[in-house]
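The structure appears below as structure tokens.
Chains: A, B, C and D, in written order; residue numbering restarts at 1 for each.
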Amino acid sequence: MKDVQNEQDSRNISIDRVGVSGVSYPIVVLDPEFSEQHTVARVRMSVSLAGDTRGTHMSRFIGLLNDFQGKVTLENLEDMVDIIQESLGGEKAQLSFEFPYFIKRKAPVSRIESYSGYDVVFWSSREKDRFDFILQVRVPVQTLCPCSREIAETGAHNQRAYVDISVRMKNLVWIEEIVDIGERAASAPVFSLLKREDEKYITEFAYSNPRFVEDVAREAVLELEKDDRITWFRVQVTSQESIHNHDAFAEIERDKRI
Amino acid sequence: MKDVQNEQDSRNISIDRVGVSGVSYPIVVLDPEFSEQHTVARVRMSVSLAGDTRGTHMSRFIGLLNDFQGKVTLENLEDMVDIIQESLGGEKAQLSFEFPYFIKRKAPVSRIESYSGYDVVFWSSREKDRFDFILQVRVPVQTLCPCSREIAETGAHNQRAYVDISVRMKNLVWIEEIVDIGERAASAPVFSLLKREDEKYITEFAYSNPRFVEDVAREAVLELEKDDRITWFRVQVTSQESIHNHDAFAEIERDKRI
Amino acid sequence: MKDVQNEQDSRNISIDRVGVSGVSYPIVVLDPEFSEQHTVARVRMSVSLAGDTRGTHMSRFIGLLNDFQGKVTLENLEDMVDIIQESLGGEKAQLSFEFPYFIKRKAPVSRIESYSGYDVVFWSSREKDRFDFILQVRVPVQTLCPCSREIAETGAHNQRAYVDISVRMKNLVWIEEIVDIGERAASAPVFSLLKREDEKYITEFAYSNPRFVEDVAREAVLELEKDDRITWFRVQVTSQESIHNHDAFAEIERDKRI
Amino acid sequence: MKDVQNEQDSRNISIDRVGVSGVSYPIVVLDPEFSEQHTVARVRMSVSLAGDTRGTHMSRFIGLLNDFQGKVTLENLEDMVDIIQESLGGEKAQLSFEFPYFIKRKAPVSRIESYSGYDVVFWSSREKDRFDFILQVRVPVQTLCPCSREIAETGAHNQRAYVDISVRMKNLVWIEEIVDIGERAASAPVFSLLKREDEKYITEFAYSNPRFVEDVAREAVLELEKDDRITWFRVQVTSQESIHNHDAFAEIERDKRI
């Protein structure tokens, strides 16, 4: 059968990224507590394409997922982008996995345990011989407004917020560590399961710890700056303001390598 | 050209609803303040189909939208479902428009004005000669937790919540009136634009007015019950809990006609 | 500490459903091929509340998930709604899990294997002593338009479509069986991984098998009607028309018990 | 009342962007056919913040929207980012409006008219004295697979696809012109309303015009390259493959200024 993708292309326009997206796939990731964790990823895989070739061979992307049987470690990611690059012949290859990751958490007072879910992205790429990896973690938290607390006689508006932290690293940083940074930066952490004594504690803790989105971003930056394993980071805080029907947000990106 | 849709169908299976969905269309709705309001709707239109006919004529749905030039009033809705029923020959016809509707609001203290947007659904149907209409309005509000307020020395967790109110009516009820019911049922309303004096007021007001999702649903029901124009209603409250990464919800539906 | 939820409520308005939604949780479901499958669910849990009680105890819902360690079988579902009903004292309890479920599939000609993901919902409820369970499966397929094929000299427009099948059953029906019904009803199945010979086969197969959304719904109904294990079903077909920027849909619901 | 936002901040961490997002607002944009068009936008507004200031004044963003009464022209955009920069004192200001835009289209054979909706983004920013503007338009189209057409005896798989085109310009380019570029690049345009003769035409036209996502991206690039008003562009094509449950995509970005 004719291989239309392999045809010569006379338009001479190279393509930055061509591939598949929205692929749902079961994966296994490393978990420091239970050694591995089964979850489900949304996968995006692409390669660059030279100006003289008509199309890429999309089925090889999915074949690769099968070959690795969904084992997604940092080592495997590097192997996978290598194989994409080689088998599809592009200068650049990109591969990302988005998945929910669960951590067993203890409530602050009752110590009762439950799972908290975090949306994680493993993003990796290879350009010529340079491998790049970004870990992104979405940390749900509470923000309590310093202005509202200051000006109101009683109470202070607070709300659920999300701290999205992305890092490039030279030594391994666990998802759990990023979650901790995001939580410490906020007014309070959130939990799946709280008893009344925990709710009292969290309410009072948040009230004693008011934070604007600006504060949350800066507190996270303070920790990310001093961690030598991290070479680049981006912090995005989005707070679902409870006095508005829109969100407040703050973003800071820093590259320590320059 | 052959009309495949008009073919006889030997399977003898009638279809409850067949039509188009996800149609994006500019519409004009009535606005008590400015006489009319331009907005954009997501439209869903369907008809029932007898067991002996292969298919419906989908293009007639879109043709109808054009004929009415996007004017969506209660009167026009009744005309439209009549025309769907007649032109497509079904026993039942259904038509719904989902759209954002804006109301100019004054902040509680500064009286500064801004627009608040509400997601509204006009759902209408005709079965034989019976016309049915449901108005649904999503009202964003704040809930402040009575338990948290009671047990904590300082503060109380609060958050954005949504009150979805659906009503059947025998006399016209405006979108603005449903918004008012939803807001009064909650701990506090939300606004697009607030000055510092307004933020102080809202914070203190919510603190003095703690409400579980159960309370919000019941307070809305109290008002909906006593309004004689309303013959049926459903209230759904969803609160984006600021101490959890999941929501709390409550639902009540009542039919006064039975 | 005061139990605010346990307060008497003087409004005397009973609540149909009160609980938690949007809970992300790791679960394990039965898999006929591999005995069990790890996946991630979105959970919704609720109970009815009598008119004289102020609030339900939301934390018990999450506690229950922990107690069952995420094992979601038909038997466990019945136990769980029983426990919700008992521990929270409501007449009615509802519990649903939405999750991606993966099936290993072989391409039609090359027989190459890959995983296909299906969005599944387990919905269960208990009202007094009656347990109810609905299995819902979203089956992605291809539809090829019979009208387009008939009137055009060459080709026929086709597109991705989704067949959502919900069933109540008196004897166990596997997710895999529902997937098969949905796929047979359509113009062609879809696959994660296809070689060129498979793509040729699927293209020609779909062209020889044109189906309107009406046809897909009716073909599924024919199979669901004759399966005696199934006592009630609903079929919803949504086709992402490739000649329009909106969808076509068809819905049929039948209760064999009446 | 104390102005907490104006406090000195000792952490000395400047913030790249701080502001509001998810603001729903009615706007009016220019329309070459009808002079203006009413629609509804999702607005995102931000400013950079110096390291020594605690917070920005979020309410000024919404106040600005009110002051301009939702009139969103290229000229107004420049004024708005100027005002944000001045009133909030940041070096950088950003402002974006996402909205559906409607164009009246004629079917190819019957010439019957209907509205097609396109998701548009106006993105603008100011850094010191440099104003920047990007117009982004999502164009829904049909792609028909060249490989499938070549290897199959009958038919060819096709599907809905989206061409997202973003441009920077030195002279005005209308939304309508970007839509035309996106449609010409694909196998066929899509329409809201088609008669049978139009469906025949579109089906045959697409079959005679097979395009991979790679082809669509390159065809769009050919046109964007030769248009001297455009100084930078990005093309992203996403095709909802009808033989898979995932998408194929291709992306090309070019800066003519370097």
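Convention: a residue touches a chain if its C-beta (ideal position, glycine included) is under 8 Å from a C-beta of that chain, and two chains touch if they have at least 3 such contacts.
Keep in mind the model is a prediction, meaning the values are calculated, not measured.
Of all residue numbers seen at the chain A-chain C contact, over half occur in both copies; the interface is built from largely matching residues. Here B-D and B-C were compared by C-beta pairs in contact; the pair with more is B-C. The mean-CA centres of chain B and chain C are about 25 angstrom from one another, to the nearest whole unit. Look at where the CA atoms of chain B average out and do the same for chain D: the two points lie 28 Å apart. In chain A, 1, 23-24, 117, 147, 151, 192, 194, 196, 200, 244-246 are the positions where the chain touches two or more neighbouring chains simultaneously. In the complex of the two chains, the chain A residues touching chain C come out as 1, 3, 23-26, 37-40, 59, 62-63, 65-66, 100, 102, 112-115, 117, 192-197, 200.
Contact residues on chain C toward chain D in their complex (touch as defined above): 116-117, 140, 142, 144-145, 147-149, 151-160, 188, 190-192, 194, 196, 199-200, 202-204, 206-208, 240-246.
Residues 1-2, 4-5, 9, 11, 13-24, 46, 49, 54-56, 58, 146-147, 150-151, 212-215, 217-218, 221-222, 238, 244-253 of chain B are the ones touching chain C in the complex.
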